[in-house]
Structure formats: structure tokens, C-alpha cells
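Below is one structure, written out as C-alpha cells, with a few remarks after it.
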Amino acid sequence: MNSNALSRPLLVGVIVVVVIAIAVGLYFILAPAPPTTTPTTTTPPSATIITPPTTPAKKVVVYASLSEMTTADPSTEFSNSILWLCLVYEPLLWYNPLENKFIPALAEKWEASEDGLVWTFYLRKDVVFHDGTPFKAEAVKSSIERTIELGQGAAFIWDPVDRIEVIDDHTVMFILKYPAPLDSIAASSYGAWIFSPNTENTPEWFNQGNDAGSGPYKLVKWDPENEVILEKFEEWWGWKLASYEMASGKAPDVFIVKIVKDAVTQERLVVSGDVDIAMYVPLEDVDRLKADPNLHVTIKPSFQNLLLLINTKKSPLDNVLVRRAIAHAIPYEDIVKVARSGLANIASGPVPTGMFGHFDDFRYKYDLDEARRLLAEAGYPAGIDKTLVLVYTAGDVYEQRTSELIAASLSKIGIKIDIRPMSWEEQWALAQSGWEDPNKAQDLFIFYWWPTYITPFDFLYNMFHSDSKSFNLCYYENSEFEKLIEEAITLEGTDEKKALELYYQAQKILYEDVPAVPLWDMIDVRVGRAYIGNLDNAVNPAYPTVIFAQVLNVEK
Amino acid sequence: MNRQPLLQIEDLSIDYIIVGGSIKAVRNVSFSINEGEVVCLVGESGSGKSTIGLAVAGALPENAIIRSGKIIFQGKDLLYEKSKNKKIDNVMIVFQDPAATLNPLFTVGEVISDVIRSHLQIRDKGEIREKALEVFRMVELPDPDRIFNSYPHELSGGMLQRVVIAISLSTNPKMLIADEPTTMLDVTLQAQILDLLLNLKKKLGLSMLFITHNLGVASEIGDRIIVMYGGEIVEEASSKDLINNPLHPYTKSLMECIPRTHIKHSRLKHIPGTVPDLRNPLKGCIFSDRCSEVMDICRVVKPLLKEYSKNHKVACHLYSEEEK
Amino acid sequence: MPISKEYVAKRLILLMLVVIGVLFITFIITRIIPARPELLWAGPHATIEQIQKAREQLNLDKPILIQFILYLHGFFQGDWGISWRTRSPVLIDVLSSLTATLELIIIAFTIAFIIGVPFGVLAAIKKYTWIDDVARIVTVIGASMPVFWLALIVQLIFGTWLGILPSAKRVDEWVVIVTGFKQITGFYLIDSILQGNHMVFIDSLRHIVLPALVLASYPFCLSARMTRAVMMEVSTEPHVRSLIAWGLPQRTILFKYSLRNTLVPVIASIGLSFGYTIIGAFMVELVFVWPGIGYYAAMSLLSFDYPAVIGCVLIVAIFYCVINTLVDIIHSAIDPRVKL
Amino acid sequence: MPSLLGGGEMKTELMKIKDLKKYFPIKTGLFGKIVGYVKAVDHVTFHIGLGEVVSLVGESGSGKTTIAKCLLLLERPTYGQILFNGYDITQIRGKRLKDYRRNVQAVFQNPFLSLDPRMNVYDIVSEPVQYHMKLSKKELYEYTSRLLEMVGLDQSFQAKFPHELSGGQAQRVAIARAISLNPKLVVLDEPTSALDVSIQAQILNLLAELKEKMNFSYLLITHDLSIVRYISDRVIVIYLGKIMEEGPSEYIFSEPLHPYTQILLSSIPDPFTQEVREKTILRGEPPSPVNPPRACRFHTRCPYVMDICKEEDPAETDYRAEHKVFCWLYAKK
Amino acid sequence: MIRFKEQRIILSLIVKKRLSLISLLIVLSFIVFGVSGPFIVPYPEDAWGLTYNVEKRFQPPSVEHPFGTDALGRDVFSRVLLGSSFSLIIAIGVIGLALAIGIPVGVVAGYYGGRIGTILMRITDMFLAFPPLLLAIVLAATLGRGLLNLIVALAISWWPWYSRLVYVQTNTVKNMPYIDSAKIAGLPSYKIMTKHVIPNALTPTLVQAALDMGSAILEAAGLSFIGVGVKPPTPEWGLLVSEGWQSINYAWWIAFFPGLAILITVVGFNLLADALRESADPRIRRTVLMRLGIKQ
């Protein structure tokens, strides 16, 4: 009744205000700004809204990383920060594993003695560090010695080194305790960086966001949670060389590593042009993305592989027949299809496809009947009445899907699996307890490995050698196997053929003993905007997740 | 009665809509109030007396519907005026619970200022305040300045009721509706308030519709008493007439229910049964199921309110036959 | 609005107790339950000696109570520990991500209450009409909405299918670099205005629209429902009926009297819904990759970074406490019966 | 019809309240510091005879309900004695308390609040019986039915819940429960003030009837003097926690002594005596019981106030047998 | 005019009634599905996550699979349907456990009061100082993922609400005249407590608790979504949404339907709460009332 008198104007008022608010909002949000873009720009649809100023713009490339950065100390960092360390710091050599060749970096030439015990590196002369210090042999010695001294991260790679001698300003000599492939080691993705001796060189100093590198980019913003911003180091020696395969004339001026922690968002961002390169996209979408003319999809093998580590010291898995039964009950093809949308190779042994030391003879056949037979032979004709605990890293969808498929498949031969997603730290701490009491630890462990430097030894030693308490989470001990790989690594630098043979024998032992079931070897997918040229060559499986920005041809 | 009454209520019926039906709270009620007259509406809970008060004041709850009738005040139909959203300056109301009547978040002064401002069209703050203090003094409130700035919770019950009366008087109304204004108060305070209202009536020539369940109070303040039962008027007479010569069986038994201080009873009369269900009121006389003198006709035919003697009306078949 | 010294003292003591209580509970949970925090701290390649050193660094070799006191001691000196994940001081991490969250929450709350309260009022005065029925249904749906799901759907529709709004991050890096935008307060919208940076302003506005709207859905529906329900209750109360009877204009009754009565519980509910909204922000930030405290906390939680977790819980709890105090103060300002 | 008033002869004393005092502490601040006391009842002495109806009359805040609570041992007095059949019951526990409970029962103002909303009428009425008397199921049923009959409720009510009853019916249930143990004393705390007049009469009649039958004593607590006159033998007028006047109701109503009693009486609107009475209107509001006036508590509002009233507490004056007044006007000095 | 107004009022009352009916229907069917879920799912193996089907991955909704299939080729409808069982278990578990802790604390503190009461209520207040759910998230993350851990974590963050509510109720009931009348009848304390105080103090709490099941489902889903709730392949709705998130650009239905199930269920409970009492968010409302010292 009487409420109409008042509320009608009120209603109208509210509607008017809302309409105006929406209109203004839409104008601001949706209205395209006047197109003042330079005509050559191939901006994505939404990017047209924001107008870059007409002043010569810097070429900015944003790279979306799935995980946040870890630390910034080149001596000790052993994790995600590789992503930008490769651009800020340089090693003596780079390695291209697909062509099996080394690319000179800070060292122009190098040579090894016959017995593989003395290695000499001849250094580049016109190099300056970002802090202005000229690069000399002393820097190599001090850098590597600091790394060895701190003894963290990948410091173990220098284990063969007895001492480092500075011959002159631009020559340095390594004397080894035992023969080792020092060229590979010097091209390691971790722990092989050379940095300026004139800086403070404390972990704190580095972690405040300072860099002491000599590479093509300088670190200008260090926000490990959100973003890392790199800026072109104009005095880098590589820009000046007429032709150097690790440099491009159209390299980006600014390279931003943006932490975007899920693949769906990364995909959305790269499609909309908000980032230029995405590290991970949902693999189901790869075909669709390939068809997008605005995008370029790079597909390259990676040396990262996924394994199912088996607790060999805990009943019933201490029985090799049970382990073999499991190995035959895993649907490898389906896993690759489901978990990776086909973007992986079915593993054959722990050494990944395409790498030196990989052999195609070690695939298990998916055969449930065979698995059942083995299980019966092991004394479990009706299956195992104990529920096995399988742990994987929470949040990793590939691991999750793989685990679910394994669980579903094993249930068909009467093995019940309890899948437990855990944080990596928790998972690893649990696994560590296995060395004290294997019965306390998990039964099965879904585990990624990728090499620090490119050698089969890195895979075989870390995961299966009884001295490697940190990562031998199968608790596997086999002295025959250990002897084989210990010998193989000493021969790698000098007698490759013999080394390969020994690696073959070692992997054969693993194939029969089944301490772990290698599942698949990853194929990496990077999606870039089409104007990011030469993306294929900016990706190198020896340096996982890295985009070598200095080789990109940005047509923006 | 050659003069036009101040307030005239004609055939008023009010329903409350509830889930699954409606409560017919007031049915076909007509009465009038002359200028300077105090009319008491007396009845027990559920008799519809308060609903009439609210209807006149234009403050019925939202689920109330006026089915029929007119409320004519000074020749204007209030219902029509209200629907045209016009203000009615000359009727004000005082409620039962003074503590609940005043908004706890506002000072007394704010409320009375708003009332004065909207009714008297005074804009000047000082003038409004003067007016407020004046009515405060009129209702014999001590320390009007302090009270003007007080919040309701800082005042006692008796004072609050005076404040509420003051607010009602601030617009110089012709008529005051008092809805059980003393029920929540102790006897001594009740006497104070009744005294005050009587004084005001004398001083200002105020007409009053006084709603109460207490016949004693009604007889003390009212010139005329209207007895309601179950949403209908059963009897209407001058106070003296009604007290001395109640006609309707309901009025009679009500009177006998009251314990009296000055006479010692041995036994009280009481009315058997309970209040009527107003969702489905009885077809015949609304009191027929509790009446001690019920006749057959009472259950079938509703008795109309008819004049029994001068200024004494009653709605009962006992009298309709005898008179006609 | 008289605020007594006693109230201030009481609130401060309460805040202190809450901080210590929250610290205590979180500390106990995070120190007792994970079996070996030193392993996490020392990292995957640690030797036995390094682990021992970590034990000493973390004071794990001392009794739990001493550990707690040592932590408290450091805490009140601004040392909230070092994040195990980022290896930077927790306090700095927490404060830097806090502004992002605050920007989001403030905008969401503003939207929620500026629209929500009038919406509730409208529904209440339009009782028994279709407006009220629609309002009832809309708000009940909104208040029951799983906010993370809404975020996904909104992102899918506006970000992916329609492509009209960005669906992640606070601002486009490119714009930031091109325009040389600098952070001052950490609130991008304010900073860009301060610098007259039109492009960053619009860009960050575009970025904040979706997450803020999604986040606002719950407090909006809550405040609308609360307002509607309380308004209806208030309008039946005798003190409002008396104002109607005294013939005050409806405008005055509604906007001066009823509204103030309504605001008392509504404001109290704002304070409480803050708690739910900040948890909502956790999920919204996760979906929209918004670098706020929720995102930081979620990441810290998932990697068992306990110093960071304690820091996040604490900052949120302190905020919650402060908001509640504020609500009390506003309450006392509105309601003269409440003495602080 | 026999009069409810047993006449002037001395009755056997059932209950004696001696010097009763009840203060409630007022706490404040963070640590609950006691900053004062509400002096609800201050040195009150009176007695209740066997089979007698005593009324305690006063306005709100006079402390009459607190006295009732002390008597019912719902509150333990701060000071003073309550003698029941000669025993001080203020500190009793256990079996003695159970015995006392059996003998002293109560009916409260609002029947809907004093009946457990989750129990039906049968359970409500039989509960005390069940606990105090060991009866078989059948006996209990019969006993309860009889009780309900006595208060005028038929079998059909047994299964009903309080919210299904009208006010009068609910109060009947409460009365049935109160008399179920055949107590010596029933405290009636404003038993009719929540009811309509017609219902009030029903309840008062019922109470009177029951008393005749069972010979209870009643302590009637009320602010409504009209029902006092109807039912009680003796009246005690109380103001701000102190007794002002005490005497047989005949005298109190016909010849009130204390100015307060006089005013109280004249304030009651009575439809039948309207024109004769000259009213005395009491001015002002009652003072707060936290800081009651010194000396005579009524002096701030008394029309006959003298200097001594502000100086000294008036002593008890026996105006005539059983008619006491606390007022300087009557002091025999 | 009058007729129109009357019809509007009646219509509004009918809408209100309809909504209550709908809400009752939703809640009942949720319970029915929850109880019968394991027995009526069309593809039980899919629902429990015991199988996968590479050929059927990412199929959009069809007759055969009304909600489509997920990344492992499992029937989403079956998983959502079975999810109602888990949601029901979680809701009952959380509320039950919270009540089991909250009621004794509240009753003891409310009825006996004194020092014990004060200590108990201060502890309760301490828990209430946490923003709601934050404690649950921390606890759930620390305990590790799993159905039981999730329930425990939520219940621990939830009980103080009930203990406060019961405390307030007990205090109110304790001072009701019918308690006095029980005392006067001479009943011993324990009898008064069990026969009068607890039944009367608990009824509103229990009704509230039943209606809170919607909130419990919502919050459990939130925890699972963040990644601290149940573990895969448990078909809990929050986890299903989270899993669907991975492929939302590609197959929206995987995340859409479980979310819709949460929404509808919670709407059902909230509407029911509305019908029982004109209320805003019940969680908020009861605390607002507590804060303002208004008894329900």
C-alpha cells in the first residue's frame, strides 16, 4: 500500500545507479583503446586493449614457470632456479645431448690427458662479470672450490677433482683423483657455474637478489614466490660474436620468469598473450594449441623420467617374483596415453630415451596372465591380502593419473593399493625412514629423476647404489651392480664403448631384479607465441625447464 | 448530538493474513468519539481493541488488511488520506510498553524533533527544541533539558511513558489514542499517568480513545466505555451506566470477575471456556458458547448493536425482543 | 562514542592472548605432528652432520616449551623465522603478499556491502513482491556457492570462452615494464593513480574484476540476506511501528531509524564474514593466481613450510581480531547501550 | 460459606523468617571486581501461620520475589534465618532438603515458562510424585488423574504439551504440580498477572477452593492489591526491600496506617468506588536498590515526611494486635 | 487494491512454502542418494576409481554418460553420485564429532559455571579467535590427506561454535522458571540436568547442527579443493572439481557437475534453515546473536 510511494523511486534509483555503474565499468573494462600500435605488431586479441607507448619499446618476454624459484646461490642451488641461473651464469661448457656435442662457453677449447686424469681448459679473454670484474682463470678456481667447500647441492659432481691449478690468466687445469668425464661435469646443469670472485659470495648475499654472473642476462628482480626479472647484459661477450649458436640478434631485452602454478592457467595466459612462453600446458590440449596460428608448440624429448620405486626390503615386495608380477601388471601404454596424452616414451630401463646409455631391450610386457602366474609362483595365488601404500607428490597431475592407473590395474591381479598424495618433503622424509626400518616406509614410490650432468651413472648411482642413501628409495643393495657402474663411469671419458657395455650389464641386472619399474620418459612441450622465433633451439634436455632466452628471435 | 463527531468509525473490518487463512480480528465495528470526549475500548486479549487503535493511527502491521469500513476524522476519510500518503496531524498514539516504543539507538530529543519537524513544519532547531521542552514540562517531566539528550535506556518506565505522551502531544493533536498506556506500570505509576492524562484532557480539551483491559481504569478515565469481545462491540454506554447497569451477559460476568479491594468477596464469578477462535468465528453471537443465558437464537443469528436506552447500546438477543 | 581506557586495555590484552594462543596452537600442531622438521629444513641432500646442525639451528634439541618461548621471543622482535621454502624472512614474505590480498578483499567487501545492504533494504521493503522472492532465491544461492567452483566457471566463461577479461595475475608484466610502473603502497590501483599511470590502472582494474566479484559473492549475499531479515524483524518492532503511527515520513523511518537498527547486526556479521571471506580468498587466489597471502599460505602448506604457515595464520588471526575490535567500536558508536 | 480468614486467633506458626537479608554483588571490569551491592532484601522478619494466607505486596524492585526465592531455597540468603517448623533451613542439604521441598511448593507468574516445554502434562504433573513417592505405574496414573481432576482438567489433557494449552489451562497444570506432594506451604508468585481477567477469576477461585480442601498455607506475592483482598488473611507491604506495614487484611484495607500503604490503596482503580475517593498521587520514581535512601526508605517520596524520617530508621510499632507499622508517624515516643 | 495486496501476501507465503518443500526435497534426496549411492551407481568401478578407460576419455555429456567422462575415461555421473555418500559421511562425521566435543564442554561450562566454566569457555574463545576454517586447513594439511583426517580437522575447528551455542542455551535454560520448578520439586541436580536442562538446551543446537551439514559439505569440499582434504581417487565433490580443473578448458563438465552438486545440496540445507527460521547464514547469524547477547 503506502510502501509503494517511497519504494518506487528507490527502486528506480537503485536500478539507475546499477546500470550506470555497469556501463561505466564496461566502458573501462571492455572499450578498446585507440589503436596506436605499430603496424607490425601481431598482438593477441586482448592485448590490443592496452596500448604500448610509441617510444622504442623494450622486447619483453614472459615465461611462465610452474614452480616457484628456490635459492639464488649458484654454488648450492639444486632445484628450480636453474631456470634463470642458466641465463645469468655461465659454465665452462654447454652440452647438447641430442647431437652429443659440447658448445664452448667460458672455455674456448679444452683437452684431456690419455688416462683421463688431467683436463686443461683454455678460457675466453674478453669476458667481464656483471659487476665489471674481468673474467680470469682465478675465478674458475675460486668458484668451483667454493662449491666443493660448501658441499651442498650438486657439489658431489666435483668429487673426482683432486685439485685445480691456474696455469695463467686464461688457462686452468684440473687434476683428478680417478678418471671421469670432466667435460660432461663442466657442462652440468647444477654446481658448475663460474662467478665473480669480487663479490661477497655469501648465501645471504645471493639470496637477497644479487648476482655475480657473466651470462647474457642480469638479475634485476628476485621475488622467488612470484617473479624473477632478468635484463639484457649489453656487455656480454656473446652478443659481440659474429656467429655464436648461443646468441641471437633479436634476443629479448627483458626476460621475466613468472610463477604460474598450474597448467590450465598457463595455457590460458599463453593463448591470451599474457605470457609469451608457457612451461606446462594441459597435455590434452596440445593438439588444439598446435593448430592455433598464433602459437608455436615445441616438442622435445626430455631426460626426465618417471619410475615406480619398490621397497625391496619390505614383505611381500622383498620377493623378486612379486616385483616382477607388478612390473608385468602395469599398463604402460595406457599410462602414457592417459597421464601424458601420449607425450612420453614408454621407458626401457632407468636411462631415458635418447640419452647416451639408453637401450631399448628393457621394456616389461603388460601381461596380466603372466603377472598372475608370477604372483602365484611367489605364493600368492589369490592376490596379496595386505594393502600396499603408494606415495606420490600431491598436486602433480601426471603422477596422480599414473598412480590411479597403476592402482586400478594392480587391483586386477589382486594387489590392493592405497594411494597417498603427499608433499614432496613429507614423502621424502617418510622414504628416508626406510633406511632405518623398511617396514615403516612406503611400499611404492612414484619418483622423477633427471640428471645433474649427462651420464647414465647419475641415474644408476643415485637411485640404485647403496651409498646413495638420499635417493636410493628402493633400499636396493647389489654389489655386482655397484661394481659395474663404478667401473663404467671411470671409463666414460676415455673408453665410451666399454663403458656402454658395462652400463648395459648393470641395467640388465636391474631389469631382472626389478627394484624399480621405469614407467615413462618424458617428452617436453613448451608453448610459445608465434612471434617467439627459434624456440626449438632454446630448449635443451640437458638443462630441464630452461629457455635459453639469448637464442630467441623475438619478432615483437 | 447535533454536532458532527470528531472521529467516526463505520463498519470497520480488519483481517490478518496468516499461513493457511486469515484472522478476522475486527468485524463490522462502528462507533464515534466526540470532541473532548474520552472513550474507552475495553476487552480481553484478542478482542480486537488494539487493532482498532492501530487502524486509526494508520500503523497496522503489514499483513493486516482492512476489509471494509471507513475511519472518518474531522470529516476526512483517514484510510483514503493514508492511501494518498497524506500526513494526519491530529491523531497521535501512546503505546503499552514505553521502553519498546522508543528506538533504543536514538535520544528522546532526536525522535521528538523529527516528529515536530514533520508535523509542524518547523525547520529551526532551536524552535523545535523549545517546543519539545515545552511539552516535556507539560507532562511534568523533571529536568527537561537532560531528558532531551537522554537515551531511552537511561530513563525509568514512568518517565518513558511521560516522554511518549509528550511526543504524542508535541504535534498539538486533537485526539490521542492510548493503547494500554499503564499496563506495564506499577499501580502508583499507573495512578500518576492516569492523573496526567485526565489533567491534559481538561487542560487541552483532548479527545481520547483509551484502550485497556482493566474496567477499573476505564471507569476512572472514560466518559464512555465500549466493551469488545472477539472482534465485535457487545456493549456501549456511558461509564456510569455501564458500571451500574451492565446489560450484556459478557459485561456482567466480566464485572463479577474483578476482585474488589473495598468489598470482601467470598467467591469470584468466572466465565467458563476460552477466548473464541477468530479464524472461524461463530456464526451466531460470538459469546454464545460461553454465555450463561444463551438461547437458541443466539447460536444462529448474530445480534446487532442496538440502542437499549439513551446512549446505551447492546448487542444481545435478550434485549432486542423486549425492546421491539 | 565513549571508549574507556579499560576497554582499550581489555582489547589489547585480548589481542595479546589471541596472538599467543594462536601461536601456541599452531606451534604445537606444526612442531609435534610432522615427525622430523629438521629433515625438511636441511633439504634433500643433507648429510647427517647437516641435519644435526639444522636441529640445533631450529632449537629442536631443546624441550618444546623452551622452543616455544624462544620462538615467542624472536616473534616479538619481528623475527618470524625464515621460510623453509623461499629461505627469506617470513615477515617480509607475509607482508608483501598481504597487500595483494587486501586490495582484493577491500574491493570485494566494498562491492558486497555497497550493493548488498541496499539490496537487502529493497527486498525488505518490497516484502510480499516478486522482488523479495527473487532476492531470497538469488541470495540463498550465492551464500551456498562453493566459491572455488564459481571462480573456475567465471574464469572459464569470461577468460576462456568470451576472452573479454584476464583471468589470472594482478597486472600484465608487459604494461608494468613498458610504463615503468613502480610499487609504492603495494596496492596497484592506488599506486597507479599516484603515478598517474592510466594504463596500469585500467589493466589492474581489468585483472581485479573477476576475482573481486567472485570473492564478493558470499559477503554480498550474506549482507543482503542479513539486512533483509533484520530489516523485516525491525520493521515489526514496536519502536518502528510507533514512528509510523506518529506519522513520520517513511523515508525518515526507513533511512534514519530502521536502517540504524538494522546495521547493528549487519555490521557484526561483516566482521564475522571477514573470516569466511579470507578463506574464500585462499581459493580465489589459488584459481586466479593472485599473489596474495592465501596463495602464499596454500603454497606454504602444501610444502610444509611451517614458519611461513605460522606467519600466515598469525597475520590472518591478528587481522580478524582487529576487524572484530573495529566492529565492536562501530557497534558502540551506533548503539548507546553498548559501553566500551 | 466459611470465611477464608480464620479470624483473629493466633495460629500455629509454620514458618518464621528472621532478619532476612539478601545482597547481590555488582561486578564490573576485566576481573569482576565487586563495586557494590543490590540490597534486594534488607532485614525482613515475618511469619506464616499454618493454613494461613499471607500476601507480600510491593511494586517492582521491592524485593518480594527475592524473598520468595529465599524461601524456596532457590537463593541462599546473605544473612538471617528461615525457620520451618522450628528448624533453620537456610543451610540444609540432602535428605532434609528433600523433605523441605516436599513441604514447600510454588506457582509462578508465567505458566508457559514454568512448565518444561518438552514434557506433556502427565509427565509434568507426575514428575515430583514419581520422585518423592514410590508408586507403581498404575497408582501413579491414578494419582495424577486425580490431581488433574482437582484442578479442573480432564483426561484428554494428559497427553498435551504446554504450547497446546491456553494460559488458564497451563496455570492449572502448574497448580496441579505444585499441590501434587500435598505441601504445607505454596508460594504463589504473581499467579494471575499474566492472565486475562476472566481467567484470573477462574484461577483465584481454584486456589481458594484447593486451600479449603487441603488446608495449605499460601504466601501470595503480588503487586495487585485487588486479588490480595480477595484471598489473603494477612498482608505485608514491602518497599525497597523493607517491610512498611504488616497486618490482617481487614485492617490493612479498611485502615491503612503507613503513608505508602495508603497511597498504594488509593492508586488502585476500582470501577465501583470511583466517585467517592480522593486520590493521593505518589510523585516521582522509586529510588534504586543499589543506593537506597538512608533511614526510612520511603522518606524521599512520603507526603508526611519529617526530619527524623531522614535520620533514623523507624522502629516497629505495634498499632494493635498483629498490626505492625514501621513509620515515625506512629512511633510511641 | 485490497484484493491485490492480499493476493500478493498469499502468493508470497506460497512461494515461501514451495521453497521449503523444494529444500526438503533436496535434503531428502541428498540423504537418499548418500545412503543408496554405493548400490545404485551405474558404473561402480568408475565411481570408486578402480578402473579407467583410455578410449572413453573426455567424452562430453551423452545419454550413456549424462555428465560425460573424465580424464581417465570414468563416468562423471557415477562419481558425483557416489560423492554424495562421501559428503554425507563427512557431514555427519564432522557435525557428530563437533557435537561430541562441543556439547559436554558447553553443558558443563554453562551449568556449573564457576572457575571450570570460565576456563572451558576461555579455551573455546581461543579456538574461536581463529578465523573459521583456517585452523581446519592447517590441521588437515598437517595430519595429511584422508577422509578421517579431514573430518577430524574440520570437527576440531567446528566444536567451539557448538560449545558456545550450548553454553548460551544452557545458561538460558538454567534460568528458566521451569528449572526452578524442578528444583522446588526436589529433583537432584543430575536429574534436572538430564531431564530438563540438556533436552531443552540441546534441541536448538541439534536442529542447528543438522542444518549445518550443508556448511560442512561446503567447507570439506573447499579443503579438498585446496589439496588438503581427501585423497584420490575418493570421489569427494571438492576433489572432483579440483581434478576437473586440470582440463576445464578442454572438458568443462568434469568440474562443472560436482560443483553443481555441492551448490544444490548446500542450497537445500540453507533454504531449509530459512524455512525453519528467517535467517541469514546460520553460522554467522548465531554468532551475531551471541555477540549481541540476544537469545535465540
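Labels A, B, C, D and E are assigned to the chains in the order they are written; within every chain, residues are numbered from 1.
The rule is simple: a contact is a pair of C-beta atoms (placed from the backbone, for glycine too) under 8 Å apart; a residue touches a chain by one contact, two chains touch by 3 or more.
Being a predicted model, the structure only gives us computed values, none of them experimental.
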Per the touch definition, the chains contacting both chain A and chain B are C, E
Quick note, more Cb pairs in contact for B-D or A-E? It is B-D
If chain centres are mean C-alpha positions, then the most distant from chain B is chain A
Note, CA centroid farthest from chain C's centroid sits on chain D
Separation of the C-alpha centres, chain A versus chain C, in whole Å, is 36
Expressed in whole Å, how far the mean CA point of chain D lies from that of chain E is 49
Note: chain D sits from chain C at a C-alpha centroid distance in Å of 56
Shared-interface residues of chain A (touching two or more other chains) are 1-2, 5, 262, 268, 394-395, 426
Contacts with two or more other chains occur in chain C at residues 34, 127-128, 155, 160, 264, 302, 304
Note: in the complex, chain E contacts chain C through residues 5, 8-9, 11-12, 15, 19, 126-127, 129-135, 137-139, 141-143, 214, 218, 221-222, 225-228, 238, 241, 244-245, 248-249, 252, 255-256, 259, 262-263, 266-267, 269-271, 274, 278-281, 283-285, 287-289, 291-292
In the complex, chain B touches chain C at residues 54, 57-59, 61-62, 87-89, 92-93, 95, 97, 100-107, 111, 114-115, 118-119, 151, 153, 164, 167-168, 171
In the complex, the residues of chain A that touch chain E are 1, 262-264, 267-268, 282, 284-285, 288, 334, 337-338, 394-395, 397, 400-401, 403-405, 407-408, 411, 419-422, 426
Residue positions on chain D within touch of chain B in the complex are 1, 3-4, 59-60, 166, 168-169, 196-202, 204-205, 208, 223-227, 229-230, 250, 253, 263-274, 279, 281-283, 285
Chain C contacts chain B in the complex at 127-128, 235-249, 252, 256-257, 260-261, 264, 334-337
